[in-house]
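A, B, C, D, E and F label the chains in the order they appear, each numbered from 1.
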Amino acid sequence: MRILLLNPNTSAAMTERMARAAQAALAPDARITALTATTGLPYIASRAEAQLAGAAVLETLAAHQAGHDAAVIAAYGDPGLIAARELFDLPVVGMAEAAMLTACQVGARFAIVTFAPALLPWYEDAVALAGLPARCAGLYAVRRPFQAVTEVQDDLRPEILALAERAVEEGADAVILAGAPLAGLATTLRDAVPVPLVDPLAAALGQAQALVRLGTRPPRAGRFARPPAKPATGLSGPLARWIAHREGEP
Amino acid sequence: MRILLLNPNTSAAMTERMARAAQAALAPDARITALTATTGLPYIASRAEAQLAGAAVLETLAAHQAGHDAAVIAAYGDPGLIAARELFDLPVVGMAEAAMLTACQVGARFAIVTFAPALLPWYEDAVALAGLPARCAGLYAVRRPFQAVTEVQDDLRPEILALAERAVEEGADAVILAGAPLAGLATTLRDAVPVPLVDPLAAALGQAQALVRLGTRPPRAGRFARPPAKPATGLSGPLARWIAHREGEP
Amino acid sequence: MRILLLNPNTSAAMTERMARAAQAALAPDARITALTATTGLPYIASRAEAQLAGAAVLETLAAHQAGHDAAVIAAYGDPGLIAARELFDLPVVGMAEAAMLTACQVGARFAIVTFAPALLPWYEDAVALAGLPARCAGLYAVRRPFQAVTEVQDDLRPEILALAERAVEEGADAVILAGAPLAGLATTLRDAVPVPLVDPLAAALGQAQALVRLGTRPPRAGRFARPPAKPATGLSGPLARWIAHREGEP
Amino acid sequence: MRILLLNPNTSAAMTERMARAAQAALAPDARITALTATTGLPYIASRAEAQLAGAAVLETLAAHQAGHDAAVIAAYGDPGLIAARELFDLPVVGMAEAAMLTACQVGARFAIVTFAPALLPWYEDAVALAGLPARCAGLYAVRRPFQAVTEVQDDLRPEILALAERAVEEGADAVILAGAPLAGLATTLRDAVPVPLVDPLAAALGQAQALVRLGTRPPRAGRFARPPAKPATGLSGPLARWIAHREGEP
Amino acid sequence: MRILLLNPNTSAAMTERMARAAQAALAPDARITALTATTGLPYIASRAEAQLAGAAVLETLAAHQAGHDAAVIAAYGDPGLIAARELFDLPVVGMAEAAMLTACQVGARFAIVTFAPALLPWYEDAVALAGLPARCAGLYAVRRPFQAVTEVQDDLRPEILALAERAVEEGADAVILAGAPLAGLATTLRDAVPVPLVDPLAAALGQAQALVRLGTRPPRAGRFARPPAKPATGLSGPLARWIAHREGEP
Amino acid sequence: MRILLLNPNTSAAMTERMARAAQAALAPDARITALTATTGLPYIASRAEAQLAGAAVLETLAAHQAGHDAAVIAAYGDPGLIAARELFDLPVVGMAEAAMLTACQVGARFAIVTFAPALLPWYEDAVALAGLPARCAGLYAVRRPFQAVTEVQDDLRPEILALAERAVEEGADAVILAGAPLAGLATTLRDAVPVPLVDPLAAALGQAQALVRLGTRPPRAGRFARPPAKPATGLSGPLARWIAHREGEP
């Protein structure tokens, strides 16, 4: 199977890091295509930025989803997730939703630990969107400023570990290390924290593979059925053609 | 006071209709500026379309919000509402949220009646976003196809009236006539339905005026504080400058 | 339009203070009639007192609502709100409900700050009645005793400001300054607090004006339809006649 | 032990019927004092009427609670319940709350069946006040008009039985026969309905006895602690003295 | 009436203590039969242990419920409660559920105080099972190790009292002293804590008596109707016969 | 990786059917060990039966989990799931929970369709245990009696298909075909139903593989940490030794 791993941030370094971390979570028969957004922000950190990134996700999927069995939106916060599920035919997985649903199977309540306070409202919205506020023991963010977003998992490791430990003391049964720049950190820290650590990228790839093996058909009815054809103004060619149900046309 | 009425659909006819209907809901000292989106769909009817429209709302607000005291996003479903509140300093009102909060004051439970089933998942998401599922008695849509979206309130009037009556029988204390093409219809039907009819455009203008008179300051903290400056790629000039905190620059 | 501002406390000084503060929240075409309860408590501060005040609110509305377009029950906690909506034909607005619904449009979560701990259970009941516990970041009360209820906003200003700041630190995006004796304080403090401050009196007047401009008809069905005529024993003349559907009789 | 059974309706015939029905639910060492409200409505059927009845309940309890171990407010809907718990020192039980809490022990979900649609909003509010909407399978009311409220349990028996059966088909595991005029009917119908029938009067007496045997002390802290002394205007002597903490004075 | 008091722990000393404490909560016409589990754990303290204890409860009830009017499962956490209600015809009461439903009548929010942290997840599950998380102000456990479970109420009394006081400060209106080894302690401490203390054993006996006096019939429909006959492998004789609907056979 | 597939029903024919159906959901590097319960019921269909089956699940896991990377409890309703997670160190997956969490990623709301009404209360409890009532569009069961549980998916196919279609009409975006005897049926019906069909066995295997690849450590803290050692009476040897932390001993 082939999974499209789409980084909605414009940082190619982050995409490369995620592509490397992804390998450990793939079955022998699974491959990924890793893509970086070409428009938007270097690192999404607010609901406004996620609104824009969500639009970019749709443009990118329209252009690149063909030939894939599933897609993963590789930003914690899942920009464009519901829209993408509605619009396209392949299973679309969000890192935040996948991490939380996975965490629900290894704990009654999960905490979310991340590297900057600015991310919290967005991550909190993702908890609400998934309908899981009752399962969330808390959201925690390192308060110390960092140098480069690509280095935060090294730079802020002690603070992240301390927050994970505090989350456990305050009632978490599992801890999600949230934010694309933390991909892979769970493996490093897992012996140091007394509850399961959930890596959202690994969780998303796990859910994507599970959905592909489940073999469901795309919906022709219900809330995720593809909308009827429409003319659009000012969108990229592939997305405008997809919305017009003319995706086969040049 | 001056209120920016922003139609996220690309239909100028609909904007004109709303601008006319708006007059009855304005105090003597209130004026509106009515704008039509220049990119997107003629009529938004899905979450995917709303994702794209939300991005367009941010672009339009960045270009045009200066000199206004409040903005109304004039599409039921409120594309870009949370993002706009976070990004900009003026109060931003959504037609769906405003209609529901208003309805809560004239009934324990409101119903939402609209003109096409395709709109229901989006409108239902708006109920959830507002945290009001317990106050929603049901969502109802006319099943009969219509000719032109600008004519639906005339074309489908009997069906809409019948649905409003059914909603009352099934437990609604108030009925929201949802969808920008229905703006003004509540006035026409209000004697025919035995519970209060809520016009979302009038409700949104009422809430916008209430917020302006309240005289609050823009937040410098909390979930709606403006995000820190960032460089962006591929956005329109005014929005890119606003996100970079360089809105005063050319 | 003419709005009846009904103070359910028996303190005329408080009514005067509110009548003055009200002016800033009125459109050019809006006027208020301010009334003080003639029976009950000088300052309502418990659910038992609110139960009695609610009955007094109905008596006063029966006697004085004629000729008004809307009524505001001017005690945070909204004594008699649901009963008044059911019984009378004009829109009835509660200060607590109006403040919370307004706050929901400027923040994801609001805090409530007041001047005495005895008020908290009542204010908390108002949060539940509005169905908004998920939007409430917390209730805070000054613990220091005060001299006179009419002076609390001057006397306790530093403590109230400190609580508002603490509420923001603990997660509030907006702060409601609750309790009729605090009417007008939001204007004084709004530059000192980094999130929007909501004045419940101004919010209630804003909602009342919005409801009047909405132009809804009184319900003839649903949970707020007027109850059928009944004979009553031991009530004041106007209320007994209203309940008997004989309000036109002497 | 001695239990005050307080009928907030002004119908002495209904009080007598309840006093007779009560005997079967009392332990050998329990006695009741049955009282009828002297002001208010012959039969409470709306939230407005309940607001007034709640005030009358407080007046009556102030005058008569001395010498009793617990009080039962004998109108389904529990007028004045929270206020009475806050104000007085003895356990106060409401018929609606008691019936629902009891029903939760014989079924996952209860239905409420009553004799007139006008009662439904009030009964529904009682479900919400008890925090039990998730346990309520539905509220059902006979639509046929009746002659005299004291005769409804005979007059409408077939309709009530049919509604109970329908409630079971629609998911109820237990059925509450709600409304003081139905007191005792559960005994008559219990073999005809395939799920447990809950008589609210019997349930309330059961809960009152349970609370007395539990032997708790009145709260000196928390949401039900007695409010501090206050002067009041226009209340009956015993209630004014109780609120002023001068209940021992003449 | 005769109530079966079933201790699912294998400690006979604990059963004796509960049997003594039970007397104060019984009406003159009520008697108990106290039984101790013969298989399982000396003291249940986890969900795994409760799973096993629940199976043992069913075996014991099958063997001993005949001749009783109600049964009380005398372990806070209510092992086997729903299963027992489904399987048997007499009312079955759980100590946790009964304590919480009782506490709801003397406070808006209850706290749960117990003697060991290991019990908290189980007790928390009981709050969720009863649908009462919104009524629970918190769960508190003594952190100091204890010598013998039968002595904890003497050994840890100061810590338990301190936790009850802290619970009140943090918002509890009533405090449940949870865990069978604490049976009777509420009577000792009730003057020292400023809110009502709920003894779960007394509450359970109060509810059992209330259910017996209510006189409901066993359900023949709904979620607690007895399952159809089935053959079983590897169960005790009385339970296997009961499940096979052959309970009258030898 | 090696996954233990544990059928808590005593029917070996059902185990074989599931073992065959499982193959399509496994990655190239995954293998299953299929086990059948040796005590209990041929087909679990009530909460009482599930209580007993849960105890049997613990006994079986204690005896057989060594050498496996994850376990699947292969009865929809997940008997013993929480207890097993608490007691054992490997990830434990339940078919009901896994199906619902999976369904949440292909629809906003799922329906549950099964073959007998007796199963509904148990399946409904599983929805509540997963905290997903807001995501459940309804539970549906074929009302026609069937011959043999192992033949239901052939025998009742038309009725199951009709219910799935009705569920879609009534609001479901995805349909779970629930009950171990329906394993594999989703593949057969998936082209006939216009929304994704979720096979609980495939979903559970998908989740188990995802959890294994995630590589989390067993918790040493939180709600799923292994309970301290205890002596037990009357349990099977392996389970008694595991509970006593003597699992390495003979």
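Here is the rule we go by: a contact is a pair of C-beta atoms (placed from the backbone, for glycine too) under 8 Å apart; a residue touches a chain by one contact, two chains touch by 3 or more.
Computed from a prediction, not measured in an experiment: that's the story for all the values here.
Set against the Cα centre of chain D, the chain with the most distant centre is A. Two copies of one chain, chain B and chain C, form a contact in which over half of the residue numbers belong to both partners.
The distance from the centre of chain A to the centre of chain D, with each centre set as the mean of the Cα atoms, comes to 52 Å. With each centre defined as the average position of its C-alpha atoms, the distance from chain C to chain D rounds to 29 Å. One inter-chain figure worth recording: chain D and chain F are separated by 44 Å, centre to centre, where each centre is the mean of the chain's CA atoms.
Looking at chain A, one finds that residues 108, 121, 134, 223 touch two or more other chains. On the side of chain C, the complex with chain B involves touching residues 24-30, 85, 91, 93, 97-98, 101-102, 104-109, 130-132, 134-135, 168, 172-174, 186-187, 190-191, 194-199, 202-203, 205-207, 209-211, 213-225. Every residue of chain F that touches chain E in the complex is listed here, in rising order: 10, 38-42, 45-52, 54-56, 58, 80, 82-84, 86-87, 118, 121, 124-125, 223, 227-228, 230-235, 243.
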